[in-house]
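Which chain is which? They are A, B, C and D, in the order written, and residues in each are numbered from 1.
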Amino acid sequence: MAYASSLSLRELRRDIHAHPESGWKEFRTTALIAAALDDRGFTLHLGDDAVVREERLGVPSDDVVEAAIDRAREEGAPEAYLDQMDGVTGLVAEKTFGDESGPTVGVRVDMDALERSESTDEAHRPAEMGFGSTHPSEMHACGHDGHTAIGLGIARELDDSGGFDGTLKLFFQPAEEGGRGGKPMSGTTHLDDIEYFMALHLGLGNPTGTVIGAYENPLSNAKLDVTFEGEPSHAGNAPNEGRNALQAAATAIQNLYAIPRHADGATRINVGKVESANPQNIVAEEARMRVEVRGSSAELNEYMLEKARRVLTHAAGMHDVSFETSLYGKTTTFSADDEMVDTVADVATSLDTVSEVVPRMDIGGSEDASYLIQQVQENGGNATYVGIGASNEFGHHTARFDIDEDALAIGVDVVSQTIRAL
Amino acid sequence: MAYASSLSLRELRRDIHAHPESGWKEFRTTALIAAALDDRGFTLHLGDDAVVREERLGVPSDDVVEAAIDRAREEGAPEAYLDQMDGVTGLVAEKTFGDESGPTVGVRVDMDALERSESTDEAHRPAEMGFGSTHPSEMHACGHDGHTAIGLGIARELDDSGGFDGTLKLFFQPAEEGGRGGKPMSGTTHLDDIEYFMALHLGLGNPTGTVIGAYENPLSNAKLDVTFEGEPSHAGNAPNEGRNALQAAATAIQNLYAIPRHADGATRINVGKVESANPQNIVAEEARMRVEVRGSSAELNEYMLEKARRVLTHAAGMHDVSFETSLYGKTTTFSADDEMVDTVADVATSLDTVSEVVPRMDIGGSEDASYLIQQVQENGGNATYVGIGASNEFGHHTARFDIDEDALAIGVDVVSQTIRAL
Amino acid sequence: MAYASSLSLRELRRDIHAHPESGWKEFRTTALIAAALDDRGFTLHLGDDAVVREERLGVPSDDVVEAAIDRAREEGAPEAYLDQMDGVTGLVAEKTFGDESGPTVGVRVDMDALERSESTDEAHRPAEMGFGSTHPSEMHACGHDGHTAIGLGIARELDDSGGFDGTLKLFFQPAEEGGRGGKPMSGTTHLDDIEYFMALHLGLGNPTGTVIGAYENPLSNAKLDVTFEGEPSHAGNAPNEGRNALQAAATAIQNLYAIPRHADGATRINVGKVESANPQNIVAEEARMRVEVRGSSAELNEYMLEKARRVLTHAAGMHDVSFETSLYGKTTTFSADDEMVDTVADVATSLDTVSEVVPRMDIGGSEDASYLIQQVQENGGNATYVGIGASNEFGHHTARFDIDEDALAIGVDVVSQTIRAL
Amino acid sequence: MAYASSLSLRELRRDIHAHPESGWKEFRTTALIAAALDDRGFTLHLGDDAVVREERLGVPSDDVVEAAIDRAREEGAPEAYLDQMDGVTGLVAEKTFGDESGPTVGVRVDMDALERSESTDEAHRPAEMGFGSTHPSEMHACGHDGHTAIGLGIARELDDSGGFDGTLKLFFQPAEEGGRGGKPMSGTTHLDDIEYFMALHLGLGNPTGTVIGAYENPLSNAKLDVTFEGEPSHAGNAPNEGRNALQAAATAIQNLYAIPRHADGATRINVGKVESANPQNIVAEEARMRVEVRGSSAELNEYMLEKARRVLTHAAGMHDVSFETSLYGKTTTFSADDEMVDTVADVATSLDTVSEVVPRMDIGGSEDASYLIQQVQENGGNATYVGIGASNEFGHHTARFDIDEDALAIGVDVVSQTIRAL
């Protein structure tokens, strides 16, 4: 029996929490889940069969990926699954129950951790109870450890209870943070036959006992990594001989924030991760930054992206420096389908553990399940993005983030019973 | 006898002062001087024979030039000279005296007025004595009226006194302000045989009785007229549909002033005449401005000009607007030759009307006699730019500018006697 | 009988069209209407009794206002009304009909023209038919000539037909363009007892025969006139001695457009009327510009205004220049009341001349009737802003703008009958 | 006998090279020299007696200083000297020879290394011969290891040869890089009685065998550490709630480079070490940078510094963020005295090891011996800054920098014999 098969929902979440893996490094997590589903006879799709390798965005360098594989191996990931992954994380697992002419239902959960350190304060429950992150600078600070556990929980629940008439497809998605994994996972054929589709998120400001039929209308989003490359020179003796990458970056920043607002809806622009490391007496040779744009529709996001590229191009040209950009991540938007929202709401209302049901709520930020949902809807399927309230004192992405584990069972129940009710 | 031939130096200066003509509009002034020199048997070169028409910079529109010709005609300019000018102002006049194998000496004076109104305050002497400008928005506020009078005065003085052994060439240059006339006048062949060359300026902070052997080392200078053309849109209803010429201009201005300083010497940058006329509720369709660069050498001036063009190009590109530039004016730099400076200083020292002689002084600003001087020196000739002190209470280019007319005779004497002494 | 009393609706509109008066200069228009209503026994409120003098925004200089009064006098404005105006345009006129315990109903029309020239093209109907603007640089290019005529038309219609049970108050508002007259007119006590209130606009893209029950949700708006005052210096000889007003303006423009977007709704920013007149060789002493902000709520408008003031303050401080701002105009937002919208829609539907009725439509831009409407609603009254379709080939604010005069009668009918139906 | 006393000039330089200590961390170097001079009966001034503690600029954090002391102790620095230093590096050592009424002569050498890694390439002589840096991220890449050795060499040479009639004061200065140590060392009383003063530098582009009587006219220089502190917010959900430290930094950078050029001479501005670490989806909470200004005179440097502070203040104010600056370093300028230059040149000319003597040369960059030289000259003393040619293939401050050790003896000879010749 696989290791994960022996763990309760709560134990599984804690095991994953203690071994967080950030985007495109989820080798242990993928292998852990794959092994457990293998035990139950699910058909597994791994590596290139789960994710379109060349469409992946924001992939770490080969060294970093190699080190992540080695770490996963040391932490017990079975070699067989690591082999099948061939450097690419992510898993699609499917099983048909009952009447195989029944509908194919997809459930997507994300697995990646954040690149940040976890609090070791004794008041922080994972620290106190011994399941805090054992990986420096990685932490499950957004609840994806819980999502992954719920994903396996749904498989067990349906499998144990005889399932439903149809096929269950579970999408264990890598690299949600930054919007890097959704699009390459949507590029496989596994979504083609999905009639009903659910993604889910814990927390997001709602307490345990609340269920949201649909989080929807995320802002479309794109991220650009930018590097300006100029020519250094001594700022005292030869200021005219340099080509100043920092002036290019400053001009770009000023003008990026000044991209015109759009009459058709909300747009966003922000710049982060700025670094120009030259000492103050040398004209800057290099400046790096990361630009993020958003729009309330895919069109508005494209508008911002096109304008941003224009600003970057000419900020470089103005200061006679070259520049490179690479797309770090990208998401789109969606609205949920009534049939799904109504069914989720009905199911949630019927549960003793649920005290409040909200049919629809805007999600606010961006979300890369958007690409999978959009794909399902374009194929004629119905989809929603379910919110599972999970009380937590500290905000998502902070060092003290934690979730109320009582929400795990609620997540399993809402999704499993919705599948049966469809 | 021509009208000007009957006027004293002082009367002539006042007549010109009362009828100021700004750059490329000096039809009356040119004709006035041409007629007076014709009376004395000088050979006249007018129109295309004085100035290379197509190299002229910063020429007003055809309408404006036509109106200036009509005005000159109404104010008594003889038709014959207007015909020869054929729309191009400026005059080269020459006469050989004594031994024709003697040297050819060139003297350059400028004739243009400024585009500004003159004070009508009673305390302003031209107003009080009735020779204030009769042309709205034009004024001799830099002393070129005096320069022109001195030019004719030198011709008279040499002609009346039997001249010297050699040939005198007088260059009555148009459009000095803005550095627009010097280069096209230097493009003719009239400088080819010049052995000695003098230009001169009144005032410049030095009182009557002071003579400077050489004003020199002006900053090289170039001016660009710039127009950004975008696309208007309603700033409330369709901010995204505009292409904002004003944002392009603001980005350009910020980055023009930030052109890197140069290790090899002084550089300058400035922007003026900025206008973007759109009402505040319309995205700016057009923005215009004039950019000026300088350098302590021609190379540094080119450095600045190249950088400025780069900034303008990419400011336009960044905001998706088109732009046009035209060179409005350009000057270069020079140093005076010892032989000339020494001779001028010796002559000046010998004059009763001269109380102080300064051999050399940096001129500070820019000066378009530079192109003529450079040309003479390249041909192997010697040149200087003589300063004739002329007391005046208010600064050059102000509404109250005036000059001490006693300086006119000093100017004539210094130059005439220097010619004889060479 | 007053001159205007003898004119048909169409003749009146053409008379006003031929004598356009821009904001705060509507002396002839005000007097014309006052005299006609005087004939019919309306009580007139003029000058300080119509508009709070010191709250007026964007008032032209005294010279300009004096000249406008003189022009009005020459064009036949009776002295008595000019006296009562005492330099302040605008009129409130009231009359009680039937049962004086009936409701007080307010109707607001605006009277001002735009500062632009009208086309003299023969294809332009006003030119062809001889009622084009006789005032250079002023033109009724937004239909306020028609609004004014409709205002008088409503008075005539109700007065001739025996009125209704209640009091009619007509607000002939000055200076709508720029949002300058609404607020000072709302500051009087005349709105205090209004139970029902209507403003109206012709055209706005809707053809003759269409009626809109409510144009609503304009963007709140504020305009700032800004002048930066620095210190001039010669850009070649003393660049460090200047304090550069143009650099301040450019820094301000760059950062104004970069004011952060707001999560709560739409915001806008734009800059126009930029001028810095220094010649290119002088560091800019002065730079002027007009800034406009908007928000989909009054709060968002205030957010933008506060941020804009902060940018301006520190752009000035950064370049060591002083600056002055004055509020040129300001509007707020509103939504219409159901009772009014329904009544207008019912009335319009019943008219033969009306072919299409749209209950509500967003107005898009900004509108300074907003202050009057808001005031009425705060006092417990009901209000709407009625749209009267009026076909016209060329857009509002263009040189070829004209309106289909058939819309005038529709405007009178819709409002008059709505008043009776309330 | 102290450890250093047993080492040759070359061995001493290599020992110091292998144990580089960057600014304010020179505990081992100071102790090494102090011990060797103690052996020879020099009077030592250490700690607060060598440097004005509170005037030190750019001092690392207490942790870093503590670690440097510990490292020095481990690497053999005698506890006694560490105690006297009390956390402050730098040494003044003096000894009177012969006739004590003779002049007091000061010699200043600097001791600090750079914060950079040294090449481990086999072709790099220190690597090849085993004296490369043993301290990660510290390297003697500017020749101060040689300067320190020469300083001790001069003491030995004079002491061994019976000295001269007068008092020798040796200034072993810390933290020259960045201009941080000169000013606080000049604040002690040790310069008060100096009649003759020499500083020196190896290399700077001149080959072994060349001696420069005076490197002079460095640019005055100041460095500011700047931190903008704003307020983070989610760039998608609440862009208006942040206060953007990065926008402040970008506005500052744009406007810093645009500080007006100065008519009186050369100025410089540059920005380096820019970092704003927020992820791209968070409005930047913090941005840090280092600004450097220069001027060809102390006044011009102050002009730039004052302008830079103004820009920084208002860039912060514009974006509603706070900011802190601390002066990281500051230097001034100087010209050498003829008596010193002539004597050095005469001495150098007489040496067999010297093949070329250049009396004076502009140093180009900035140099913080300037404060000591200025202080000596203000007290009526004479000073120069001697250049000792030292061939090296790779530039100063690069990973491959090294010096020809033959130059060490030349340095000792030139300075020692100049002292005797004065």
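To be clear about the criterion, contacts are C-beta pairs under 8 Å (C-beta built on N, C-alpha and C of every residue); 3 or more make two chains touch, one makes a residue touch a chain.
Labels paired with UniProt names: A, B, C, D = Amidohydrolase.
Only a predicted model underlies this, so the values are computations on that prediction, with no experimental measurement involved.
For the pairs A-B and B-C, the count of C-beta pairs in contact is higher at B-C. Taking each chain's centre as the mean of its CA atoms, C is the chain most distant from subunit D (Amidohydrolase). As a whole-number value, the distance joining the C-alpha centres of subunit B (Amidohydrolase) and subunit C (Amidohydrolase) reads 50 Å. Centres computed as Cα averages put subunit A (Amidohydrolase) at a distance of 69 Å from subunit B (Amidohydrolase). Touching of two or more other chains is recorded for residues 237, 239, 244, 247, 251, 254-255, 257-258, 260-261, 268-269, 283 of subunit B (Amidohydrolase). Within the complex formed with subunit B (Amidohydrolase), the subunit A (Amidohydrolase) residues making contact are 237-242, 244, 247, 251, 254-255, 258, 260-264, 283, 303, 310-311, 313-315, 317-320. Subunit D (Amidohydrolase) contributes residues 254-255, 257-258, 260-261, 266-269 to its touches with subunit B (Amidohydrolase) in the complex. Contact residues on subunit B (Amidohydrolase) toward subunit C (Amidohydrolase) in their complex (touch as defined above): 219, 221, 223, 234-237, 239, 244, 246-247, 249-251, 253-254, 257, 268-284, 287, 290-292, 294, 364-366.
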